[in-house]
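There's a structure below that I have some questions on.
As written, the chains take the letters A, B, C and D, and residue 1 is the first residue of each chain.
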Amino acid sequence: MSRKPRIKSGLGHSTADKIFVRGYDLTEELIGKVPLGDVAFLELKDRLPTPQESVMFNALVVTLVEHGLTPSTIAARLTYFGAPEALQAAVAAGLLGMGDRFGGSIEQAARTLQEAPSAGDLEKIAGQIVDSHRAAKRIIPGLGHPVHKPADPRTTRLFALAAENGFAGRHVELMGLIADRATEAYGLDLPVNATGAIAAVASEMEISWRICRGLAVMARAIGLVAHLQEEMEEPMAPEIWSRAEDEASAEMSSHRD
Amino acid sequence: MSRKPRIKSGLGHSTADKIFVRGYDLTEELIGKVPLGDVAFLELKDRLPTPQESVMFNALVVTLVEHGLTPSTIAARLTYFGAPEALQAAVAAGLLGMGDRFGGSIEQAARTLQEAPSAGDLEKIAGQIVDSHRAAKRIIPGLGHPVHKPADPRTTRLFALAAENGFAGRHVELMGLIADRATEAYGLDLPVNATGAIAAVASEMEISWRICRGLAVMARAIGLVAHLQEEMEEPMAPEIWSRAEDEASAEMSSHRD
Amino acid sequence: MSRKPRIKSGLGHSTADKIFVRGYDLTEELIGKVPLGDVAFLELKDRLPTPQESVMFNALVVTLVEHGLTPSTIAARLTYFGAPEALQAAVAAGLLGMGDRFGGSIEQAARTLQEAPSAGDLEKIAGQIVDSHRAAKRIIPGLGHPVHKPADPRTTRLFALAAENGFAGRHVELMGLIADRATEAYGLDLPVNATGAIAAVASEMEISWRICRGLAVMARAIGLVAHLQEEMEEPMAPEIWSRAEDEASAEMSSHRD
Amino acid sequence: MSRKPRIKSGLGHSTADKIFVRGYDLTEELIGKVPLGDVAFLELKDRLPTPQESVMFNALVVTLVEHGLTPSTIAARLTYFGAPEALQAAVAAGLLGMGDRFGGSIEQAARTLQEAPSAGDLEKIAGQIVDSHRAAKRIIPGLGHPVHKPADPRTTRLFALAAENGFAGRHVELMGLIADRATEAYGLDLPVNATGAIAAVASEMEISWRICRGLAVMARAIGLVAHLQEEMEEPMAPEIWSRAEDEASAEMSSHRD
């Protein structure tokens, strides 16, 4: 019987006594030999990283693991409070908030860089990108910071690592030029922020912008598990809930669900 | 070709010009004729409700639609803040918290009632249930309330409707007797709360305890959509986030994600 | 201490012995008196529906409850297979697929209608909408059907109900004219489909396009609970999984997780 | 104003120009210096791993990253099909299935080991554990495999690494003895499977059983992102959906959502 459209994932398969991940024998070649971040690179790129790629890729995801009490970690804690039987659901609830506003800014910055002309004068291209965003009244992704300070320390660090490891190429340069042009054009201090730096380096590593928010998702899953471990030991959810309610509605506690 | 295990849902199927839901022609027999709550009954019970069943079933789910700012609605609002592109994900995040602590108490109370002997003296059975929970130091589900007051108004109302509509049977009686015995045994005021009342009436309607938290899930999905509509118009998530953070960590705002 | 931004939901609040939903006393005025679909209307519109609004709103959501084995219900069943402890998580997994491709088409169609000029010749406006979509090579939302047949029976029924109940206004008329113009312009049969009909009627009822995918979410939550009840009784997930795998990877069963 | 219950996460905080993760300066001490798996260890254990701990912990999570087309990765692909705007939601849908049946078996095996007496004869303890499970007709977690073969290759590898790195302690020994006793008692081949091996080694590393399914969740988040990258390039969801439907319901395609 012919069944045309095959379903065959290139990620994993196995035989009676072997398991393969991206063609590597899981037990012989990966477990105990290749660390987690490099396996993540293998999953995405279909090959193991070079030493330079390993440093750079691990740096990108490590930047995204932990940011304290964010909307995402708070949502995870509140979800665990209601459903302690399902840790995985609380992690999932936290990841659901890694959308357009957070993970999405990496995606948009990477898209801007990856859709820019692959040849031609970068200063001119940076100017065109800033102009087109201004004309459309769209925010330029990957720039700016809420609190005033010279620069995001993560950007400085990631760009230094990019230079040391051979990833300070065209996309990184373009990201910096966009920041310069935007700072001029708007008369505001608009340095490259952490999401812009991650987007630029990921672009150098030929990670498609379509999957860039996935970097935040995989990294934050780790952080969320740690937040839930802390929540199990010292629950914060009841106090977070209590603070969210106004005094006027304090009586609601009697009917809460 | 033989393909053994058939996959065939009894819920919906269709032909070139007809759609059937539980055997009813969707456009001819349901749309515009049967309201939402009765279609929910049809989905669960495989038949349309009698008028008494319609009143009772709608009463159960209406009780569960809206409870103000709960952990679940707060998690949904925080998720929407991070991922405004996906309303469905924010509703899902809210539903993920309808677990053991909330929806689960309906499930456990219904299980207790449905696993009780279907014949025999109810006073004796109630005593055994209370005794076995005490011996195992397990909370009796469906009883008690956090704030002092004579009784949960939802219980009074649901049990009155049960009496009016022919659902004040053995499970409802047993639930009440369990509350009496528990109040005696613990020396505390332990009336039937709303989850206990819903569990008892759902048991009278022969809704399996295994699906009882689903009543909370389907009802709360409606409430969560309304909360997100309100969040779109007047965002509360930033203030909820801000209150969740201690003054000491206010600086974190600059790095928040 | 002044804390400026108040957090106060208009949806629910309560006192020691009363619970209010949108200003109505839950136990005195809603439970047993107002059915589920009308409470959903109340939640969204901040008032109870007229009899005509009740028929029309219930018709919209009833249309969306059940569509058999869709990607969404399959995802819910597979999730329940792995996590039977958390029914709410399996419903959530199903709802997560109600995005741009499904619920989103209602949203986009409603947006197109609601952003159209509120005055002026409808034929001309319809032509402009079709032309602008063609020029941008964007699909016109709410039109067309995968299988050839004269018309989607749900559209016919919903538009008949709209006429009977006073909702066959400007948005419904515009949706029909867009279908006519598109059919002409593309030389294809492009009738208004169910999502277009729901979008048009929801627009007549002044439901913001921003919340329109929420209609699909709240309705489908009911259907998903019913699918999971069926999955508990007759599990389909193992067979669905088995069919998804190619023969070549049948050995993987030994390592599946 | 006194606000008693403090909310203070020990995981992350920041000042105007520094970000700290578990007390380490993120940019100075972690990015570019500590790889992803070691940061995950830091998040969970509040200290960096020794070289031996690094090898062992990375081995545990690497084992869990990728298992091909499982219910979880299929659910993620189906969700992405319906909601391509929200990659994070498709990952979340996949994680929601990492519950009692999959990640939960690690949790249960770790719980059994961690709740066993910390002193006393291990052979006797193993016998008691097997006997009590048999008496209660409960499955012993962490044993057995669906396909016949001498042993799960992942177990062999993980236990060899445990021996090399100083983690072949009491919990690992007990897990093996439980397998021996169970094989005798049931007259079936019941070797330690991968989840049992992970549970035993995690217990040696003093990772609480309460968080053990979190190891599967954080690892699988990586695999799910890779599956969605593949799904973007070569969609399998339509074919998976098509195969899930019986021939009899093929007509449903016209109404699918």
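Going forward, a contact is a pair of C-beta atoms (placed from the backbone, for glycine too) under 8 Å apart; a residue touches a chain by one contact, two chains touch by 3 or more.
This one's a predicted model, so the numbers in the text were calculated from it and none came from an experiment.
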| item | value |
| --- | --- |
| Shared chain contacts [subunit A and subunit B, defined touch] | C, D |
| Centroid comparison with subunit D (C-alpha atoms), farthest chain | C |
| Pair joined by more contacting C-beta pairs (A-D or B-D) | A-D |
| Same or different residue numbers at the subunit C/subunit D copy interface, by half rule | same |
| When subunit B is superposed on subunit C by its C-alpha atoms, the rotation angle in degrees, nearest 5 | 180 |
| Centre distance in Å when subunit A and subunit D are each reduced to the mean of their C-alpha atoms | 22 |
| Distance from the mean Cα position of subunit D to that of subunit C, given in whole angstrom | 36 |
| For subunit B paired with subunit D, centre-to-centre distance based on mean C-alpha positions, whole Å | 31 |
| Set of subunit C residues in contact with two or more other chains | 7, 12-14, 16, 19, 67-69, 83, 85-86, 88-89, 92-93, 96-99, 147, 149, 236, 240, 243-245, 249, 251-252, 254-255 |
| Category of the chain touch graph - line, ring, star, complete, other | complete |
| Residue ranges of subunit D in contact with subunit C within the complex | 1, 67-72, 74-75, 78-79, 81-86, 89-90, 92-93, 96-102, 104, 145-147, 149, 152, 194, 236-237, 240-241, 243-245, 249, 251-257 |
| Subunit B - residues contacting subunit C, complex | 5, 7, 9-14, 16-19, 21-22, 26-28, 30-32, 34-40, 43-44, 54-55, 58-59, 61-63, 65-69, 73, 86-89, 91-93, 95-99, 103, 147, 149-150, 153-154, 156-158, 160-161, 208, 210-211, 213-219, 221-223, 225-230, 232, 236, 238-240, 243 |
| In the complex with subunit B, residue positions of subunit D that touch it | 6-8, 12-16, 19, 83, 85-86, 88-89, 92, 96, 244-246, 248-249, 251-252, 254-255 |
